[in-house]
Amino acid sequence: MGIYDIAFWILTVIAIGCALGVILSRNPINSVLFLIATFFAISGHYLLLNAQFLAIVNIIVYAGAIMVLFLFVIMLMNLNADVEPQKGRLVQLAGVVSGGALLLVLLAALRTAKYPTLESTPNEIGLIQNLGEVLFTQYVLPFEISSVLFLSAMIGAIVIGKKEDSTHSA
Amino acid sequence: MKAIIAATILGIVMMFAGLQMKNKSSVVTLAIVLAFLLLGVNIWDLVATPATAPVGYFNNMLRIDRYALWFSTLMTGVTVLYTLLVGKEIQKVGVHVAEYFALIFFILCGVYILSCYNNMLMLFLGIEILSIPQYILAGSDKKNLKSSEASLKYFLMGAFSTGILLMGITLLYGATGSFNIVAYSFLQSDALNPLALGGVIFVMIALGFKVSAAPMHMWTPDVYDGSPTPFTAYMATVVKASAFFAFIRLFQVSFGSISSQWTVVLSVITAATLLIGNLTAVFQQSVKRMLSYSSIAQAGFMLFAVLAVNAVAWQGIIIYAVAYSIATIGIFTVLMKLKDYTYDGFNGLAKKEPLLAFVTTIFLFSLAGIPLTGGFMAKYYVIQAVMVQNQFLWLVIFGLLMAAISVYYYFRVIIAMYFKEGNAELHAPVTQGEKVLLVITCGLVILIGIFPQLLLSWI
Amino acid sequence: MTQLVYLIPLFPLIGFLINGLGWRTIPKTAAGIIGSLAILASFVVSVGIFFEVNSPSFHGPVLVHLFDFIQTGKLYIPFTFQVDALSTLFLLIITGVGFLIHVYSTSYMHHDEGMVKYFAFLNLFVFSMLLLVLGANYLVMFIGWEGVGLCSYLLIGFWFKNRDYTNAAKKAFVMNRIGDLGFLVGMMMILFNYGTLSYGEFFGKLGTVPGALGENTYNWIAVCLFIGAIGKSAQIPLYTWLPDAMAGPTPVSALIHAATMVTAGIYMIARSSVLYNLAPFTLHIVAIIGLATAIFAATVAIKQYDIKKVLAYSTVSQLGFMFLALGVGAYTTAVFHVMTHAFFKALLFLGSGSVIHAMGGEQDIRLMGGLGKKMRITQITFLIGCLAISGIPGFSGFFSKDEILAATYAHDPILYYMALAAAMMTAFYMFRLYFLTFTGKFRGTHDQEHHLHESPSAMTIPLIVLAILSVVGGYVGLPAVISEHHALASYLSPVVSNAGEHHMAAGTEWLLMGLSSGLSVVMIIYAFTANKVPSFVPNTGLAKLLENKWYVDEIYDAVIVRPLAALSGLLDKFVEKSGIDGIVNGVGKGVRYGSDRIRMLQTGQVGFYIFVMVLGIVALFAITFFGVKL
Amino acid sequence: MPILPLHYMFLSLTLFCIGIMGVLIRRNAIIIFMCVELMLNAVNLLMVAFSKMYVDAGAQVFVFFIMVVAAAEVAVGLAVIVMMYRKVHSVDVNILNRLKH
Amino acid sequence: MNILMLVATNTPFNYFPVVLQLVVAVGFVVVMMAATHLLGPKRRTKDKLINFESGIPAIGNARQPMGIKYFLVAILFVLFDVEVIFFYPYAVNFKSLGLEGFYAVLLFVAFFFCGFYYIIKKGALEWED
């Protein structure tokens, strides 16, 4: 077992364990922390897969910004384990069983999938230079289009998030 | 192509208009003018693009053909009609009138992308540009708890379906190594990689969610019911139609060659959608909620076009989208005039506003698929598309049976208007201008029903 | 002239538009004139076309192409009218009888505030009906088919304020939808197998191109189309809407539910005779259902007391006769009966309308009697109608009904005797109606008696015209023993002709004619004696006398009438109320129940929604990867 | 045993299904949304694995866009959740049942 | 800039120093916390564990929900933060992408500034109510 494999299995165990922690812990703050840990594990996987830039971005954007926003909202609402609503046992069981059934079906269905072999030699594609090249040549249209998405989201933040006052708006 | 840029810029113009203009009705007027402008740009696109083989743009991110151009133009036309008919009602929803219109222009940008995307990334972005403004519009009536509830439900389920869509795209990428939808058309039915098939099913489920096909339909009644009515009208028409267009585009262009693998599953979905939509609509008391179930039922018919992998299906989906959208917007316009959205609210409308009752009747005829209205032609074309395929005769018969049931709940409204005593209360008297517009809309419905060739000969 | 055929539906459409758009401003009288003139204009054009079609120089059907309707890939369906002998005959019936009924309505509906709307609907109906018969393909026919159904629905509910119309209109609608579904499926199958819907192409391919189901294709298509005909023409089991449809104004009953719309089913089958000739099994079903309906409805009619209900059941029964004729392959005979029936049944309905008009809305025949003294014209014309429908020699009904009976006899004598029994009952209940209404003493209130009057000329003139037609209308089809030349059959022969010409011995034919007309006379006399006295009025002298004189009445009563009446009641109560209505209501209830159950799935819980979606994903994956290929 | 794409796929599908389970068993709207984010990350991981398999940077660029969209969704979604919270002082999705049947 | 330098290397093992630093940083925190926990004296009495609020018994939770305006700023922060994804790659490739890339980014930034201007005008970033 090479060092790659050891790293893979360790990160896998951390990722799955923390993911379970997200859905099982009663305290929402713990869930957030577990999710951040999961993201770190996934970033570790990115490194193993030669996606160095993505690994960094994943931490900056997901763990750094998005999850902090979650944490912020949870604290804003002062949610904790005491006020956390719990579903009935039966409903939870049904959820676990159906999720498990989905996993089983998917694994059984995709078990025989065919792939080219995984290139074990490191490659350069995950480098920031390479990604920039691809992004600004092939993917320049989606890049521009995504600004529409941001504009929508900004409007959403204003329309939904802002307190209603009639002085500023038409 | 120009239309995508134009829609974005006009959306920004509307955003800034909200900062400058204090008068709500002048904002609406501006929006109507801009919608017409956008229609002009679309027509320009249509005229300027030669009718030769489809052209790829931006490294084949987009691929523009006649269907795409016509669909964009027609949907813009429907939006123009929508702003004309419903614009006044949007004023009443909340204070951010200009923003609502800006979001509608952004949605249109998504519509254009979905009509000509050639890459899964564009599909994904298009779906999101279509959806995110909808979450906002659904929750825009902040005084109303139902509106917030609709928004949250739609958002949670929409985000979930985004995950499903992405999983599908990833699996397809895993099977082919490409995001280009034309690349998928080289998949072969025999010895198909399970990854590809899994991807197809995931994508089908995610798109089925957007078009509210059973069993992914359950958000539809609640969201349509809870959202402010003007926006429900838009969600149920243009948005749904373009989701369908995206659906059929992907499944014809990319997965046509492996259709034997997925048509069975899709036929099950179609049958379930027809059954649930039509059956559940029967029991409703609120016309608005009935219309949301009916939109599920109509989705069942539109799925026929996806099921049939041939050229007739394209024509079918376009004519269906137009006929259904126009009639639905018409009905919602009338509905918004009424104080009471239940069936009883329509009692005696024929006495009070005979013209309103008459146009409503025509719109309902169209939805029910009575001959000489657009709805009949639309149903005819999609069924014809399946018939040409020499498959799924059972589904066609089942669909006709369900169409027979649908007449029941549509006609309940007509009975209420014409045959029941009551005093249908209106918010405000209907103005002459609105009447003229409604009559024109009604004329369009009949025109499509009698001369579908006027429309289809161009496409 | 034939190229002008588009004018025929255009006039009623214009009439509809004028009356429909200006229904608040147009005065009532003007609306009546506009409506009637529109139909008159159509009638004039129809007559012109008829002469052209009837001339020896006319060859084959003329197709008048209006515009392209549907054009997809290989399939091409134009909006085309077809002018040939069959459609022209129906044009004449629809516009001719329709015009008379419009004229009648101008007076009958004059007191009604919704008269302008009424004429708009009526014109729309005529327009749809004309589309139905003029179309050169099944799709155009279907459009007309739906249109007439819609107008009938609107007109049944026309007097919604003071009548329990809702159930009637709803029932009519549900049953027609079931029929329409059959028609649609039939159309789909034609399209599926032959790739066309136009008559010419379809019939041309029929014999040569085998369908997907082999020989059975013909039967399947024919059965599906026949289901459509059952719904529209009120045959067992989808007939109960027609008696209930009498809730509408009487001229509507005359036009839609007697003369025109309900015969659309016969038109369709006659039009598709090429197909039906290839589907003998289906023809057999048609004959049996027609005969069953004829007998059944006649039985029920015997015990009805509502003047319009009697006529409604009699219509159902007569339609049954027409289907019987179709079933034994006598297509022209069926069309012949459609024509004569249109005359005399319209006459009877209009006559009953005149009676109801005079009685101030009363429809119960037990409360009438002796009206003949006050309303001479109505009485005489009504009598002519009764004679015609009963098949008394010399009147139109005799010729057509006799032809049906003869064809049936040639086909199968057993069917003949059953049909004969139905014909006898017809004579009985019609004359029961006549005697109870027009003869004897008046049994209504004093006010009503005072009010009795003959109707105005706008109503009586159509009655007279129709009465004349009811007499002479039969002479276009003289029995073979009298004349070798059957005018109608030779006129229709380029389009439809009877399946097998049965040449019976002249003696047999005379015998059959004698038998049916003789028995009819007997039944009339019997009806006279039996119905002189309604059950709850003390016997009058004359009736008592008759009763004592012909002691045989008691025997008749015990042996025939009582069991028949009991059977009639039984059928009415159980088969109709709980059987057929039960099924129709049951389907409705089932749908509502299912709706209610499925509705409950919509719990409002977003978690549950996603749960259902996940289950759906699991199921779809299971079907795709591990399911049997459907 | 060398690490195959299959391993990554199983890992990714497992995380994906854990996310789905979380959506199903939790009632807190924020946690449900976090579980959706977990699903998206599972997809990202698989996408990167395939990117390595095909030696194609396109898939990694796709992941950028997934992150961008996720950010936009988070902005709107949390705004909606907060709006709801301000009205009913709860983030429990089970109380969202004014719209049903 | 050091992040970029690190990224410019190409095997996972070039990240070993980062991992080492992480381990040291986390380990330091863990060790310190554990040490105080283990070494410090523990005297848990009831009085000591309850909050002391000037002798008045504490009612409810000490934390109060924050104002919504902070939340709005946080949301907008996330939206602008995500641009990082696009700007780092552009910065690295600034030269090679040339004018075309510049225009592309210019357009993107222009859209963003429109949004930014809109937000400021709407008063979403005003701290004072």
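Letters A, B, C, D and E mark the chains in the order given here, with residues in each chain numbered from 1 onward.
Here is the rule we go by: a contact is a pair of C-beta atoms (placed from the backbone, for glycine too) under 8 Å apart; a residue touches a chain by one contact, two chains touch by 3 or more.
Computed from a prediction, not measured in an experiment: that's the story for all the values here.
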Report task. Determine which of the two chain pairs, A-D or A-E, is joined by the larger number of C-beta pairs in contact. Result -> A-D
Query raised in the report: Relative to the centroid of every protein C-alpha atom displayed, which chain's own C-alpha centroid is closest?
Result: B
Query raised in the report: If you average the Cα atoms per chain, which one ends up farthest from subunit C?
Result: E
Query raised in the report: Which integer distance in Å separates the CA centroid of subunit B from that of subunit E?
Result: 40
Report summary line: subunit D and subunit E have mean C-alpha positions lying a whole-number Å distance apart equal to 20
Report task. Averaging only over C-alpha atoms, locate the centres of subunit C and subunit E and give their separation in whole Å. Result -> 81
Query raised in the report: Any idea how many Å lie between the Cα centroids of subunit A and subunit C?
Result: 70
Report task. Among the residues of subunit A, pick out those that touch two or more other chains and give their numbers. Result -> 4, 50, 53, 57, 61, 65-66, 69, 73, 76-77, 87, 91, 94-95, 98-99, 102, 106, 109-110, 113, 115, 123, 131, 133, 135, 138-140, 142, 146-158, 160-161, 169
Requested in this report: Give the residues of subunit E that touch two or more other chains, as numbers and ranges in rising order.
Outcome: 68, 71, 75-76, 78-79, 81-82, 85-86, 111, 114, 118, 121-122
Query raised in the report: On subunit C, where are the residues touching two or more other chains?
Result: 599, 602, 604, 606-607, 610-611, 614-615, 617, 621, 624-625
Report summary line: Contacting chain pairs, sorted by label, are A-B, A-C, A-D, A-E, B-C, B-D, B-E, C-D, D-E
**Report entry** subunit E-facing residues of subunit B, complex
**Finding:** 8, 12, 15-16, 19
Report summary line: Interface with subunit C, subunit A side, in the complex: residues 87, 91, 94-95, 98-99, 101-102, 105-106, 108-109
**Report entry** List of subunit D residues in touch with subunit A within their complex
**Finding:** 1-11, 13-15, 17-22, 24-28, 30-31, 33-35, 37-38, 41, 44-45, 48-49, 51-58, 60-61, 63-65, 67-76, 78-83, 85, 90-92, 94
**Report entry** Residues of subunit E touching subunit A in the complex
**Finding:** 3-4, 6-12, 15, 61, 63-66, 68, 70-72, 74-79, 81-82, 84-86, 88-90, 92-93, 96-97, 100-101, 104-105, 107-108, 111-112, 114-115, 118-119, 121-124
**Report entry** List of subunit C residues in touch with subunit A within their complex
**Finding:** 607, 611, 614-615, 617-618, 621-622, 624-626
